[in-house]
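Labels for the chains are A, B, C and D, by order of writing; each one numbers its residues from 1.
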Amino acid sequence: MISTIGVLTGGGDCPGLNAVLRAVVKTAIGKYGIKVIGFKDGYRGLVTDECRELILNDVSGILDRGGTILGTSNKDNPFKFMITSKEPIEYKDMSDMCVQNLVKHGIDCLITIGGDGTLTSARDFARKGLNVIGVPKTIDNDLSATDITFGFNTAVTTATEALDKLHTTAESHHRVMVLEVMGRYAGWIALESGIAGGADVIIIPEIPYDINKICDKIIDRKSKGRNFSIIIVAEGAKPLDGDVVVAKVLANSPDPIRLGGIGNRLADEIEKNIGVETRVTVLGHLQRGGHPTPSDRILSTRYGAKAVELAVEGRFGKMVSLKGTEITEVTLEEAVGKLKQVPPDNDLIRTGRKMGLCFGD
Amino acid sequence: MISTIGVLTGGGDCPGLNAVLRAVVKTAIGKYGIKVIGFKDGYRGLVTDECRELILNDVSGILDRGGTILGTSNKDNPFKFMITSKEPIEYKDMSDMCVQNLVKHGIDCLITIGGDGTLTSARDFARKGLNVIGVPKTIDNDLSATDITFGFNTAVTTATEALDKLHTTAESHHRVMVLEVMGRYAGWIALESGIAGGADVIIIPEIPYDINKICDKIIDRKSKGRNFSIIIVAEGAKPLDGDVVVAKVLANSPDPIRLGGIGNRLADEIEKNIGVETRVTVLGHLQRGGHPTPSDRILSTRYGAKAVELAVEGRFGKMVSLKGTEITEVTLEEAVGKLKQVPPDNDLIRTGRKMGLCFGD
Amino acid sequence: MISTIGVLTGGGDCPGLNAVLRAVVKTAIGKYGIKVIGFKDGYRGLVTDECRELILNDVSGILDRGGTILGTSNKDNPFKFMITSKEPIEYKDMSDMCVQNLVKHGIDCLITIGGDGTLTSARDFARKGLNVIGVPKTIDNDLSATDITFGFNTAVTTATEALDKLHTTAESHHRVMVLEVMGRYAGWIALESGIAGGADVIIIPEIPYDINKICDKIIDRKSKGRNFSIIIVAEGAKPLDGDVVVAKVLANSPDPIRLGGIGNRLADEIEKNIGVETRVTVLGHLQRGGHPTPSDRILSTRYGAKAVELAVEGRFGKMVSLKGTEITEVTLEEAVGKLKQVPPDNDLIRTGRKMGLCFGD
Amino acid sequence: MISTIGVLTGGGDCPGLNAVLRAVVKTAIGKYGIKVIGFKDGYRGLVTDECRELILNDVSGILDRGGTILGTSNKDNPFKFMITSKEPIEYKDMSDMCVQNLVKHGIDCLITIGGDGTLTSARDFARKGLNVIGVPKTIDNDLSATDITFGFNTAVTTATEALDKLHTTAESHHRVMVLEVMGRYAGWIALESGIAGGADVIIIPEIPYDINKICDKIIDRKSKGRNFSIIIVAEGAKPLDGDVVVAKVLANSPDPIRLGGIGNRLADEIEKNIGVETRVTVLGHLQRGGHPTPSDRILSTRYGAKAVELAVEGRFGKMVSLKGTEITEVTLEEAVGKLKQVPPDNDLIRTGRKMGLCFGD
């Protein structure tokens, strides 16, 4: 029998984290009388034992709020914990310390909410014998073990609203407008918001682009009296030809790609090749914030309630997952380390092609 | 080989109609060089031969607009067409006239976008031997042959935003707030927006309610220091006991239920039973309007492009349909006449129950 | 020297109340080191001595939240306080009790945030010799001593968004759509949102309407191919002719007009007179909720900071006020009891007339 | 007597342009029976004689749309018109050609909607004896002859919504978030949205900043447990010390400042000085697009209707202007060439200082 649950939120910010926490707390306390302890700033709080009990009042009014009341961190691997950030940087395995802290608080099961990094640590704790349950989170929607992750719908909505705003300006000024969105390895945000926002060109990491194809599209539109074009590009997009500058950065560096890299590059290439005035907007951190959409609030709530149910039923080492219209679970072993990219025959891509959109190929 | 397609939009207004029309026109003209003729105001325009060619310019800039550029009508059954609206009302079968008009314009296939009524007429035309393809539309999401209909996500978003607004007022004034939303036979909008908007009580037609259970919930919340409650109710909800006033209206009348019927009734019952100040808001027509959400724009676009593809492939008598993440098709024969209600073991209901929500039972 | 300030929020809910509280607390504590005590539910908390100290943490994150963290009440005149709500209802002057409670907590000045009722009590306390400062609040914008009240811009935005939603549906269905908004004695919300939302007819209490003029406008539009019309009506609007049913309710009753009264009446008259399908939406409580707009957040913040400044400078018995672009003050004696109606030569009305809008006269 | 009016929109895109056009057309045609001719892409269309008659149908449904149906251009001085964009760039005075084109179409008065550049050309046409009326437009609100310009409220709303999104992420990650907004010479957008969005630091061109003051503020907040800070900076902000790199770019170049210049610089300085993780978002073109807010729609409508009235009354050489709550007019001679910067004793700055905000000085 479970009497106390621990919970933490790790990785980059994502709309819906608070909704998961609310569902966990309301289900645990309200239905099962289970105590909930929240750790601060992802695994960091588990290492340093910064935590507090979460009661019903703590989660009142947070369903529609972005961010996480627990705080988060995206550099906090407990198995390779950064002891000092000064050179030479030192790491140490603090996982035993984490286990001790859990034991100290009498925690029977730990619910970790996060992306691939956070969930990989969850799996490693499961291998260590800990009772762990994962909840998948990423605005990028690139986790393979679930149909959709929460936060994604909100990010798509933010990006679509940006396209809506750029549209009338592009049309009024007869310009090309480039919107760079998140998606280092997978182009889901660019693809969905590109279709929803009526983009003319969608460039994603999965389909290396030929700049000539993009320019052809712009010129073809001009010839039909459409003196403007809207391009959406995922930050991880790369050209078809040998020029792999951007890809190199991806491969060699733990750092994020410089935001605006690919967007500015595209704009420069277009202006150089065909002389059409082109402007770039980098959506950046706006995609991670804001009120979650109703769809994301619902998904987050279902995930949170399901996670507690799994804990109560003693089904540990699992991650909650959406398959079709049902919330189900997969093992953490299956869940992590597999990137979900946009497949070339994806129905949205096929739909886009039918409608005449250019994907750069 | 298809050279000309006809298209019409029937039934109540729904966000995404224009997005479907845009996808139909862009796919037909852009990809296949097919001419598109749009009929005005649903089947009415087909009867009276009011139509015009739709070109690419007509659908530019309409992706994010509510309504339909073709106009619609919700009393226009071509097989029982109202000849005069004065008493005695006279009806006549005008379906042959419709066929003549289609022939006159050389239309090889008719795409009808609408709800169960519109699609039933489509099926009847198919039985007559016409090449027809249906696109399912209803903000209520109550068509059984597709997982989701476009317009539903936008309606849920509008209802959720209304709950968000009522929430802080309820809390500040220590009131019960009742929001009445659409859903005469199925409670999907109330259910999804109730979960997304953090309602405390969700009342849907599928679960007859006991007013005492609702009052108990309000009192229970008060006892925990929560001096306010949010109730969302579908217009077709009905009490558990023998009192079937509302249901009678449903059964005997072609007219819509008087808006605010059930909402006001609930408020009166609550004030009478437990003396808590209760206010009603009837969302009404706001649910049918507005910019479609990105999700609805995507779904509408996929439906429209798919409908043209079916036409080109000569697969007539079908309705496009979403199953899981794929757009597929079903026969119009299967598609119509079957209401999709919320099943009692629906996962959202189970989630709500885990979180302590009251469903009136 | 001021060392402790009391604060309360009274009257109907209004977006921006929290922003005022935040400004009061941040200015008082941060700049002057003054302690702030908040009373619960308007004057009720002052009578019953329900209060708590407000610290910086209490007002963190509330700038963009609707409602009020202090709670409010709209039946709480401390000079005529309802002792029992059962018949026979008994009232009692509890103002001395209020003064005692203020003294008990060492409060040097009371800041009351509210509409005409709340501010009238503030004036009465000032007459009693209390140090009081008022902050004007009403979504209706009908206080004469300030150019604009906070909450008004948000209410106008909510009403305009509703008109936007109704517009495409009206157009698609060739209907008349009536939107009833707040404004029992003054038509500011109807006027501003009517202009902003492109209404064809605007009916306000200040201009009694002739139903024939409204019907003429609808028919005139039809004759020009505009088969739909949008009407916005303030709840307190009344017909020109002798039929004063609605007006009687206004005069004889302390109760709010039944929502939907005038809207439904207008729709019935239009359908009866000219047979055009007409639908009504009553916006109701949605106008009082929601996130305040940036304009309202700014105005609320300026008001709150100014109120503390007046307290520090010992300028009591005043109400903060916006005149042009400056925040200034007026005496509470001048401020209360004077309704600000829309004058007949208001520039927005003149603008509307130039554009061909119908005001029912 | 006026029988034909010409109209054009010049300069950068701005929400509300379409609302002005709608008001001009509805007032001119509907009230006065005046014909309206619209020129394409600002003065460019006047030079090249690209124009078309605008009828009521052209302006239907555009009240809430961003952009301009006439198109615009921001490099189109008719008195120094770029004949070739290739080196060596050649300019030519085409103002006589403009006058000829106006005469050719029988245009009695030209209404020009634009910012300082567009209005300066309008003044020069007035000096040439042409009947011209100006309508002030700029999202920056930096025209001295009017209290507010349309587009500004929408830009402030977009920037405030961005701050709202960044807020929860900053708080969850304990970061400094920098938002760079428009405002090359005047900080109105940064100031208003900074107050409305709860920024901790507001940096505007009018107040050169000391990086140490900004860092002190961040550290002071940390010491009080507020582990995050929000900074909003206008693109034209500059440091107090001698380092005038950014200013030089301003002075020597006709090109826009590289977006992200000052934002990135601030972030680098903060990270270097106090080692706090800092992220930058550049709002860019999103500020120029989108649906105009109700306030901007109202102001645009009033401006447009007033401009036609001035034309009818023969009061040429004027610009419409908002003073307090009234629409009035000023001469174009007075209106142009005077930048409206934020004065040091501006009430919003004083309010911000009372609340503890840092302005970098």
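In the analysis below, a residue touches a chain if its C-beta (ideal position, glycine included) is under 8 Å from a C-beta of that chain, and two chains touch if they have at least 3 such contacts.
Note that the structure is predicted; figures quoted are calculated from it, not measured.
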item	value
Duplicate of the B-C contact set - from A-D, C-D or A-B, the pair where over half of the pairs recur	A-D
Separation of mean Cα positions, subunit D and subunit B [Å, integer]	42
Interchain centroid distance [CA atoms averaged], subunit A/subunit B, Å	31
Whole-Å separation of chain centres (CA-atom averages), subunit A against subunit D	35
For subunit C, residues that touch 2 or more chains besides their own	164, 167
Chain-level touch network, classified as line, ring, star, complete or other	ring
Subunit B contact footprint on subunit A (complex, rising order)	23, 26-27, 30-31, 56, 60-61, 63-64, 147, 153, 156-157, 160, 164, 167, 192-193, 195-198, 224, 226, 293-295, 297-298, 301-302, 305-306, 308-309, 324-327, 347-348, 351, 354-356
For the subunit D and subunit A complex, residues of the former touching the latter	9, 13, 17, 41, 65-68, 71-74, 158, 161-162, 164-169, 171-174, 177, 260, 279-282, 284-286, 288-290
